[in-house]
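Okay, so subunit A shows up in both of these, paired with subunit B first and subunit C after.
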Partner chain A sequence: MMSASRPSALSVALSGVALWMSVGALLVWLTGGEGPYAWTRAMVVLSGLAAYMLLLVHVLLDIQTPLPVKVAPVGPHRRAAVLGPMALILVAAVVTRTAWPGSALLLFGLAPLAVLVLPGLGLSIALLKRRSLIEQLLQAAPLSIGGLLVVVLWLDLLGVRNSLEVMAVCGLTLTGLGFLSGWRDRRDAV
Partner chain B sequence: MVASPLFRVNGEPSSALGLSRGQVVLLALAMTVATLLRAYPYFGLAYPAGGDYGHHLHFADGYRTTGHVPLVNEYFQRGLTHWVVLPGAGMIYALLASFAGTSAFDVAPFTALTGGLECAGVFLLARRLFGRSDAAVLAALISALFPAGPDMIAWAGYANLLVIALLPFTLLSWLRYWDQPSPSNLAITVVLVCGTAAIHHFSTLWLGLILSTFTLVMGAAAPRASAGKIAVAVGVGIAMGLPVLSAALALAAGANAAGVVLGANPRFEITRIDWAHWDRIASTISLALLGGLFPILRRRFGAVADRRMLLAHLGICALFGWGWLVGINFSYYRAVYFLGLPTALAGAAMVASSPRNARTLLGGLLVVALGLGTAFRLPGAIRYYSILTPDVVEGLAWLERSSGPRDVVAVGSFLGFHAPRLLRRATIVAMPPHQVGNTEELPLAADAMTVLSGAEGFDDALDRQSVRWIVITANSGDTPQPKISLDALATKTRVSEVFRNDGLVVFHVGARQ
Partner chain C sequence: MWLRPWPLKRASERSDEPPVDPCAMLPAGAIWVFPILIAAGLLRILPLVWEDQPAGVDFGLYVLYAERFMASGTLPVTIPHLQLGSAEWQYLPGVPALLALLSWFASVDPLDTIPLAALVGSLEAGGVLLLAWRLFGRLEVALVSSLIAAAMPTAVEMVGWGGYPNLIGLALLPFAYANALLFWRQPGIGSGLVALLTAFAVLMVHHLSGLWLVASLGVTCLTQLLVEPRSGLPKIALLLPAGFLLGLPAMLKTATSVASMGGLSSFLTGAERFSPTERFVTNSLEHPTAAISIAVLVPGLAALTFLRRVPSEGKVLVLSHTAIAIVLAFGWLVGIHFHHWRALPFFSLPTAIAVGALLHLWPSRLTRAAVAMALVAAMTGIAIQEGQRVSKEYRVLTPALEEAAAWLKRNSGPEDVIVTSNRVGFHILRLLERPLLVAIPLRDFYSSHPQALSAARDAMAILEGDHTTLEIRRVRYIVIRAAGPDVPDPMATRTSISRDSRLALVFENPEVLVYRVGP
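Right after this comes the complex of A and B.
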C-alpha cells in the first residue's frame, strides 16, 4: 500500500520547522503561565502542532495509491455546489445568533446545522474527496463531533477558557477546511 | 454471491452510493424511524424521561457558563467527591446550547438524532462488509428497530447512546485506514477515535479494547506490513488525543478501573445478564438474527479484516457480558446494548444468505417483528423512567423553600440525578454499588441506601451524613423501589411525613431518641 517514493526535501524541511515552532511555542506557553495572551499562545501551539502532524503524516506515509473507485466520486463542480448553501447557513446562523439568540429558528434549525453538520462537512469535503456526496453528508455529523471535541479538549488542556467566540473560531476553522478544499478543487478543475 | 436486490425496484437509476431509488427511500425511512423512536420521550411529557440526563446536561451547563470542565458536582453526594466523568458528551451539548443561545436542557431532544446517525453508520459499515447496498439497507433497518437505543434513551444514557451511534463510523474508518493508510484516512480515523473516546468512560473501554484486539490480531498475522501503520496511527493518535488520554487516565484512576475490571469485586454480581435483560434490551428475536453470523464467519461475506473486526466486537461483548464464566467479575448487562451493530449485520447476512425468492418476505417479517416488539416495549419504559413531573418539581420547590441552605437531603438513585440541580441542597444519593462510577462515592451511596431502605444502621447513617430530609418519588421507578422505602419509613418514629403530592413524598428527620 505504501509507495516507495521518497518524501521531498521541502516536506522534510517544513516538517522540521513546524516541529520546532510547536516545541518553542509549547515552551513559551509552559513558562508563561496564565495571562491575557493564553489564547494566542494556545493557538500558536495548536497551529504548530497541527502543521507538524500534517507534514509528518505526509512524510511518513506519502501515499500515492488512489482509493479504488467503486461508486461515482463527487466531481469538483458538484462538491463546490455544496459550498454555497454551507456559506449561506453559516452567515444565517451567525446573524440569527447575534440578533435572536434562543429563537426557535436558531435552536431547531441553524444551530444544529452550524455545530453538528458544517464543521464535519468541511472535514469530509477536505478528507473524503473520492467518496460520494451522500457519504460525505452521512459522515458530517460524526466528524463534526470528533473534530470539535479534539479541538475543544486541547483548548481546555491548555487552560483556554471556553466561550462562544472560541467555539465559533473552532467551528469556522473546520468548516473553512471544506471551503478551501472545495474552492481549490474547483480552481484546479477549471 | 448473488447480487439480486432484496427489495425489488423497477429499473431506477443508481444514486452515488450505488443505491436504487427504493433503497434510498428505505434508508431514509430507517434513519427517520430510528430518530422518531428515540424522540418518543420528548413528546407529550413535561420533562424528558430518564434520570441520567440530569447529570449530563448539568455538567454541560456548568461547562457552558464557567468555560471550564466542572470538577465537582456541588450538591451531589454532598459535594464531597470529584465529578469523575469524561467531558465529551457534556461539551457537545454545551457547544450546541451556546450556539443556540439556550440552556443545555433545551437541546436535550437532539439526542434523538443518534438514531439516524447510528443507522447511517451501520449502513456504511454493512455496505463495506457485504459489498452490496440491499443488504446494507436491511442492516440499517434492523439497527433502527433494535430495542437497545429506545430503551437507553428512556433512562437517558445520552453519552452511551452517542458513542454507540459513532461506533460504526469509528470501526469503518479504522478498517479503511488499515486497507489504505493514506493521510486522509489517518486523519479521519484519529479524529473519530479521539472524539468518540472522549464521550463516555464505559464505551471508551469498549472501543479501546475492540480496536486493540483487532490491531493485535492483524498485526500478529502480518507483523512487517502492519508495524508502520500501527506506529503512525498510535503516534498521531496519542499526539492529537493527548487531552482525551489524560482525561481517561484520570477517570480510570478515580474509578479504580483496573481493580473493578480485574479484581475479585462482588459489586457486579447482580448485573450479570439474565433473560429479562436480554429480552428488554435486545428482544427475543435477536437470538434468531444472530444466527446470521455463521454465513459471515464462513467467509461468505466481507474481507478478512472486516470479519476480524466483527469478531473483536463480539469477543469484547462476550467478555464483559459473560466474563464471570471465566473469572472476570466485571460482567455487566450493559454489554447487550452494544450488540445492536453485530445483530444488524448478522440479520442482514441471514436474509442475504437465504433463498432468493424468500428474501423480501424474510427481511420484511424480521423487520416487522423486531419493530413491533420495540414499539410495544417503549411506552412502558418511558412510564417507568418518567422521574421528573410537574408534581415532583413542585415538591422539590416546596422543600427548597422549607429547608435551610446547609440541610442534607437523602434521595433515591434516579431522582438523585436531578435533585441536586433543582433543589440546590446537599444530597446523598442512594445508588447500588454497581451504579457508582467513582469509588469515592461508595460510602455516601451506601449510607443513602441504608436510609432509604430503612435497613439496619438507619440511625447511624442519618447521623453520619447529617440528613435532615428524605425524599421519595411516588409514581415512578427508583432505587430503592419507592414502595419499599415508603413502607420502611412508615415504621420509623424518627421521621415524619411533612409533604405529599402525586409525585413526591417528603419526610423530615427528627432528633435521635
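Right after this comes the complex of A and C.
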C-alpha cells in the first residue's frame, strides 16, 4: 500500500533518467565515443534501461507484506483416485513392452506416460500434497524430466552404467513414492 | 501524485479486488488447460508431419548422442568425427538422455522418438498457466496466457530447425518460475524439492534457458532479500543443502562443459561478429510475431508493474526475465557480445504474461474475450504459416540424403575426410562414420564450439570457393545439397567447385551432390 512518505513518480522518474544519462555520458566518454551514432546508440539503450529501472523502483516501492498462506485442504480420496489409473497404465505399459515392443501404441501412448508422466506424478503426489489434482497432473512431466535426469547424472557420476533395467528401477521408485504417499493418505482418511 | 497513463490508472483503481495469493489452488476449470496442451502439441508437431519427411537440422546430433549413451551406458564426452574429432559435446545431456530413456522403454531407435520431443515442447502452455495463475489469480486470464504460449510461432520454428533443447528448456522455464514463486510464499520441503527439480530440469536441458533462469531468479532473490532479509534468508538456507545434493552432478557437468569450451566468455565471444546484419534485424522486427509481441509487451508489462494485486516477487521475476532478454538481444548496440537471434525466443514468455496483464485493463468481459480471441487467432495463423514454411525449408533427412550417405560408406575409406554444408552435416555425422568438416558460419547469429572454430571456418571457406585448405585438411569428398536453402548457398558452392579441375562430381541424386577431390 502507498504511504505519504514515498517519493512521487515524477521525482523517481527524473532521478532515474538523470542517473542513467550521466552513466551513459560517462560510458561514451570512456569509450571515446566511436562512430557517428555513438551518442544516439548510447541514449537509446540507456533510455531503455532507465525505463526498466523506473519500473523496478516502482515495484520495490509497492512491495506488500506477504499474505497469510491459505491452503484449502484436498481430500485424500481425490489423490487416491489417481492411484488406480496409475497402476493400470504401468501394468499396460509393461505388458505392451513385453508383447509388442516397438509398436505405435507403446511409442506414442504408453512409453511417454510411463517415462514422462508416472514418475513425476509419483513425485508431485508425494511432494505437493496440498495442491489440487490438476496442478499435480500439470507438474508431472517437468518433475519426471527433472527427477530422471538427476538420477541419470548421479549414476553417471558414480560410474554406474545406465541401462533399461537400472532406469526402470529408478522410475518405479519415483512412481512408488506417489503410491505410498497416496495410499497412506487414503488409509489415514479411513 | 503518481503519473499513470489513463488505462493503467483505471486498472489500478479497481482496488476492490484483493491481492493475489500465489499459493491459491487452481480451480476445477483449469482442466481446460489439457485441450490447450493438445492444441500446442498439434502445432509443434506440424513441421514433422507436413511433408513426407520430418523437418530438422540439429537433431542428428542429439540422436547420435542418445545412440552412444544407450550403447555405452555412460554420458559421452567427445563427438568422434565432428570437425575431425576436435570438439567435445557442447550440448547438455538432458534432451539426448530423454530420447534414450523413451527409446529404451518403447524399444525403438532414438530417431523414432523425435516427435515425442516436439510434444514435450507443448508443456510450455501448462507452465504459463501455472505462472499466470500465481501472478493474476484469475483463471480466464491464466487460460488466455496459456493459449498465447501454445500458439507462439517461435516454438514451431524451433521444431523446424530441430532445436529441441531450446524448445524444451523454454517449456520448462515457466514451471521453474511458478514453483519458485510457490516456494517463496509457502516454504517447505515439498515445495522446495519441486522448485529445485524443475530448475534442474531446465539447467540440464538447455544452457541458455539455464542462464535466464539463474539470472532472473538471482535478481528476484536479491530484491526480495533487500526488502525482507529476515524471512528471505531462512528460505534460501532451506534450499541450499538439498540443492547441493540434487544438483552436484549437474553443476559438475555444466562446469566441465563450460571449461571445455574455454570458459563462458570464450563461448560467448566465439563468433567473429555479434552485430547482426541490418537485413537480419529488419527481417526479425518486421515479422508479424515481433509486431504483435511488441504491441502487447510494452503496455502489458507496464500494466503488470502497476497492478497492485500482483505479488511483487512475481513482477520482479517477469521484469527481470524481460530485461535480460532485452539486454542480450540488443546489447550488441553497446558492444555486449551475445547472439541477437538466440535471445529472441525468450520474449515468448513475457509476451504471454503481458497479454494476461493487458486483459486486466478492460472491465468488459466482451472486450477481454474479443482481444484474447483476436490475439490467439493471429498467433495461431502465423504459427501454421511458419510450420508450413519451416517444414519445407529444413527438410534435410530424406531418402536422398540416406542414399548419398550409403554410397559414401561403400566408396570411401574410414580415414577419408569429408566436407559438408551446414544443413546436411549433423545428419551425415550420424549416418556415416567418417572424419567430417561441417561448414558453420561464424558471423551473424551462428555459433560453434570454440574448440572447433578453425575446422568450421576451413569448411566454410572451402565451400565458399577458397580451396587452399583442401590439401592441408586432406579432404577427399565434398557433400552439398543440390539446391534449396543451405549455408553456404548451394548454387554459389557449385559455381566455385566447377572452376576447380581437381573436383569431380562422383554421385548425384535430385537432392545431394558428392564431389571427389583429385590430385
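Here is the rule we go by: the second predicted complex is superposed on the first by the 117 of 190 C-alpha atoms of A that agree within 3 Å, B and C clash if a C-alpha of one lies under 4 Å from a C-alpha of the other, contacts with A are read in each partner's own complex, and residues count from 1 in each chain.
In this text, contacts are C-beta pairs under 8 Å (C-beta built on N, C-alpha and C of every residue); 3 or more make two chains touch, one makes a residue touch a chain.
This is a predicted model, so every value here is computed, not measured.
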Just checking: does A:K129 make contact with subunit B only, subunit C only, both, or neither of them? Give me first, second, both or neither.
both
Once chain A of both complexes is superposed, is A:A92 in touch with subunit B (first), subunit C (second), both, or neither?
neither
Tell me which partner A:V169 touches in the superposition: subunit B (first), subunit C (second), both or neither.
neither
Would you tell me the residues on subunit A in contact with subunit B in one complex that are also in contact with subunit C in the other?
2, 56, 58, 60, 63, 67, 70-72, 74, 93, 97, 101-102, 106-107, 111-112, 114-116, 123, 126-129, 132, 134-135, 138-139, 141-143, 145-150, 152-154, 156-157, 161-164, 167-168
Residues of subunit C that touch subunit A when the two form their complex
1-4, 19, 21, 23-28, 30-31, 33, 69, 72-75, 93-94, 97-98, 100-102, 104-108, 112-113, 115-116, 119-120, 123, 126-127, 129-130, 168, 172, 175-176, 179, 185-186, 189-191, 193-194, 196-201, 204-205, 223, 226-228, 231, 246-250, 252-253, 301-302, 305-306, 308, 311-312, 315-316, 319, 323, 326, 330, 333-335
Residue numbers of subunit A touching subunit B in their complex, please.
1-2, 49, 53-54, 56-58, 60-61, 63, 65, 67, 70-72, 74, 93, 97, 101-103, 106-107, 111-112, 114-116, 123, 126-129, 132-135, 138-139, 141-143, 145-150, 152-154, 156-157, 161-164, 167-168, 171
Which part of subunit A faces subunit C closely enough to touch in the complex?
2, 8-10, 13, 27, 31, 41-42, 44-45, 48, 52, 55-56, 58-60, 62-64, 66-67, 69-72, 74, 93, 97, 101-102, 106-108, 111-112, 114-116, 123-124, 126-129, 131-132, 134-135, 138-139, 141-143, 145-150, 152-154, 156-157, 161-164, 167-168
Across the complex, what residues on subunit B touch subunit A?
15-19, 63-64, 67-69, 87-88, 91-92, 94-96, 98-102, 106-107, 110, 113, 117, 120-121, 123-124, 162, 166, 169-170, 179-184, 186-188, 191-196, 198-199, 228, 232, 236, 239-244, 246-247
